[in-house]
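Chain nomenclature is as follows: A, B and C, assigned in order of appearance, with residue numbering initiated at 1 for each chain independently.
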Amino acid sequence: MNKLIFEKSKEGQLGVDFDNEAQYDYFLPKNLERIEKTTLPEVSELEVMRHFTELSGKNFCIEKGFYPLGSCTMKYNPKVNELVANLEGFTNINPNMPDNCTQGALELMYKLQESLCKITGMDAMTLQPAAGAHGEFCGMLIVKKYFEQLGQKRKKVIVPDSAHGTNPATARMCGFEIVEIKSNEKGQVSIEALKEVLNEDVAAIMMTNPNTLGLFEENILEISDLVHQNGSLLYYDGANLNAIMGITSPAKMGFDIVHLNLHKTFSTPHGGGGPGSGPVGVVAKLKDFLPVPIIDFDGEKYFRNYNIPNSIGKLKAFYGNFGVLVRAYTYILMMGNSLKKVSQDAVMSANYLKEKLKNTYHLHYDITCMHEFVLSSKNQSESGVHTINIAKRMMDYGIHPPTVYFPLIASEAIMIEPTESESKDVLDNFVEIMEKIAQEAKENPQLVLNAPHSTPVLKIDETYAARNPDLRYTK
Amino acid sequence: MIVPEGILCTKSHEYVIHEGDICTIGITDYAVEQLGDIVFVELPEVGTSFEKGEPFGAIESVKAASEVYMPMTGEIVEINEPLLLKPEIINNDTYSEGWLIKVKASSLDKDLADALEYEDYKSEVE
Amino acid sequence: MYNFSAFTNAERENILKEIGVDSFEELFSHIPAKARFEIDLPDGISEMEAQRELKTLASKNNISLANFIGGGSYNHFIPAAIGTISSRFEFITAYTPYQPEISQGTLQMIYEFQSMICSLTGMDVANASVYDGATACAEAVLMAARAKRKNKILLSEGINPEYKSVIETYCYGVDVQIDYLPLIDFKTQLEGISSDYACVLLAMPNYYGTIEDIEKCGELAKQAGAMFIVCADLLSLSKIKPPSEFGADIVVGDFQVLGIPMAYGGPYGGYMATKTAHMRQMPGRIVGASIDKEGKRAFTLTMQAREQHIKRERATSNICTNQGLMTLCATVYMSLMGQNGMSKAFLMSIQNAKKLASKLCQIEGFELCNSEFMFEFVMKTPTNSAVFLEKMQEKGILAGIKVDEDKILVCTTEMNSEAEIESYIKTAGEIACE
């Protein structure tokens, strides 16, 4: 049975130590002295190395195999990114240092701001938000402040029923009420439904394009016209940017505020749940609302500009997840205008898989998709097999399951996004495995229903975990 | 699953069993099926009053969370405390031991005018 | 140059044919013509050139100066093994652990992290991280406002100014009002803690290095029925009583001090820990222990019903991606250092601060402004503080952060050598004489 690090602890064992005990006097007030010992482990450096090496072996990762996770853009993370992000010149600088000590960092951030503006068509960019949801929060606060400055009381935000959960959660954090509109039979925002809810109480609409079904919102120009005529703003959730670089841009589509996910589109690694980065771009009329500071250039020197008249304030301490910015900057430098080829390949691969799988699996929308598409387990359900079972069975074949049960409007959803990184061999192998599982669902359903069989642990009792919370080690 | 005679169901999936003006309220077996294994229940304090349609508590499963709404205006006179430690009772005995609250209603007939009988409710949701 | 291309052009041609289109243009024909756009960037460059470019940029940052700057980002000792483990791609390129069967590495690591944070803070449950200490504070005050159903909070002026801005921004979002507890001699005045407030937030030590009266604050908060939130330095908790012993309801802060480089402000990591009673109000991912089908211990994300992907607009927060890899750095750090190593690093930091402060006071014109401090202190300078800092920098020393016209905030850690401290004293003395 695997052990926790605490279970390997031996009193008196040391990992890293410092010099003489003798020279430390006690400098703190007596009433603050800690009496109870912590449960922090006492282990040697070798034991620490073995412990975490063992843990690493239980993880799936991009280097192990394919991650067709819709909406996550699990593309290859170039190793040069790690090399440069770990350069001493980038890791050893304190954010409170004067600008004359950090010209390299400031230049990198300034140039990244510019590049992201060029890719999205926006006029100004902040690199401060630490993740996509954080970027959404930034964007919606800008919406809030914008209307306050105009003296308009607009309390409502429109969100399509296909939206990612962070969208309505974010709108609430800014005090807005959500108005959900139903998608039409093509899986897209319905102009009629939109017209019905547009009024002077609507501050903004939050959308992503392509949407969470992987479909391009064909009416986007009409939508943005209608929303602007209503005096409202359009917010772009940039999670799906990998589909449209060099093809279209949020600016061209009529969006006023954009957030990006550097850990999706721009190859910075997912890290088992972060760190990410969620820069926010805005059109010119909104740049005075951006968080402070913006990185600026006076012709000679780069500097942190805190002079932003109507700034919403700060979203996190300091300037952003700088280490992540370094990685994204490097990627953009190496790709340049080939980012268009990235989107082309991403869309091509998704359509390829869609065509290959649509005869075996039920396809929610049989039209040209962008970089991702949604299947369902309808055709396999006769034997009681559902999406969750297919997902778990995929692990036995060395593939990470796609995104499942999202978006909520597609029943038993299986959302597949291959990205541009995977070769034809990988794609063909994936099709083969999916077809095999479909066959198993028909001929040997128990194999699928009881999956996974070959992973480091088998099916976990999540109900037990929730009813009997065991959230930390106690001696 | 034995469904008691004469129960009424709301569009937001609560059930009502009433004796005089005291109502026993829970969530329907359809709602339970949608939620899956219940892991946590949030109940109001005895003595608080709510309007019809106001959320009075919440039910959580592993994969979903749902608010529960008052089928009628009234005062909470009793809550089903065992649920706080053993939420699975709702899965096992939805209509007998799995009730959530008992309410003293103020305008029962008016409030329940749009509630459905069990069979009608079932055909609507399926 | 198209780096990382997965297809040959011949393959592309064949695939497009299989899809049923003649060209990429046809594949995108449903995009409205008016919305079409070309990216105005130069061609991509090779990895060799990219390395050269980035190394040039890195070299434009000055890392040769002796560092006495803190202010929310600290130059603590980072053992080598942390970098070795955190550069394993099994941790780096892994996705969020939503599929627990193939994410046990990440999940067990987070469970261990949560355990260590709870042990240090005395709390019952910790989350898997939020973006940083500032957002942890902001989320904590909003948590208190929700739990107490009050929209007024009390904040010590001793909190890091960056954190203060962030809390103000988050409170602006939901119209929560902030009142402030003033400072005298850089220590928080604990007056006016009434039942109007959902919570009181105190930093320990505060931004200026001062040791606050945490015991009294805890008592007053309790009397007022307000939640007591402590923003605590984690290294200090290896040596001092956990905030739980002073009645804290929520403990938050930044774990950059646990093996994470300063890296110009990020990525860092915010920790949040609370009592069981408030568990469901706390945002962020939480890992729990369970068993698998064969009875083997296994870890999984749990209590997900609080999070955005289920509750959507009724979620406790909108947080999705957090600071995953940094949590690994912190967990490895705490495992390597243990309580023993951490308290030594902490005491060395204080010892250096005491030494530097007392020697500086012996130079005319310098005056210590806060008497009870840990590893940071405020010093009055003989001349204008900005001028003093500039002159020190010219001589190779980053002497502190400007607090106002004649005061600076000085920080020492275990990394400041005796030679560096001697040099600081000598140089400061020379400048004072000019």
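Simple rule for what comes next: contacts are C-beta pairs under 8 Å (C-beta built on N, C-alpha and C of every residue); 3 or more make two chains touch, one makes a residue touch a chain.
All values derive from a computational prediction rather than experimental measurement.
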Legend entry - Innermost chain, where centres are averages of C-alpha coordinates: A
Legend entry - Chain pair showing more contacts of the two, B-C and A-C: A-C
Inset, instruction - Could you put a whole-Å number on the gap between the CA centroids of chain A and chain B? - result: 38
Legend entry - Distance between chain centroids, defined by C-alpha means - chain B, chain C (Å): 44
Inset, instruction - Could you put a whole-Å number on the gap between the CA centroids of chain A and chain C? - result: 20
Legend entry - For chain B, residues that touch 2 or more chains besides their own: 39-40, 60, 62
Legend entry - Two or more partner chains touched - positions in chain C: 310-311, 314
Inset, instruction - For chain A, jot down the residues that touch at least 2 other chains. - result: 462, 466
Inset, instruction - Flag every residue of chain C that touches chain B in the complex, lowest number first. - result: 280, 304-306, 310-311, 314
Legend entry - Interfacial residue positions of chain B with respect to chain A in the complex: 36-37, 39-40, 60, 62, 87-88
Inset, instruction - Using the touch rule from the top, collect the residues of chain A that touch chain B in their complex. - result: 462-463, 466-467
Inset, instruction - State the interface residues of chain B toward chain C in the complex, per the touch definition above. - result: 39-40, 42, 60-65, 67
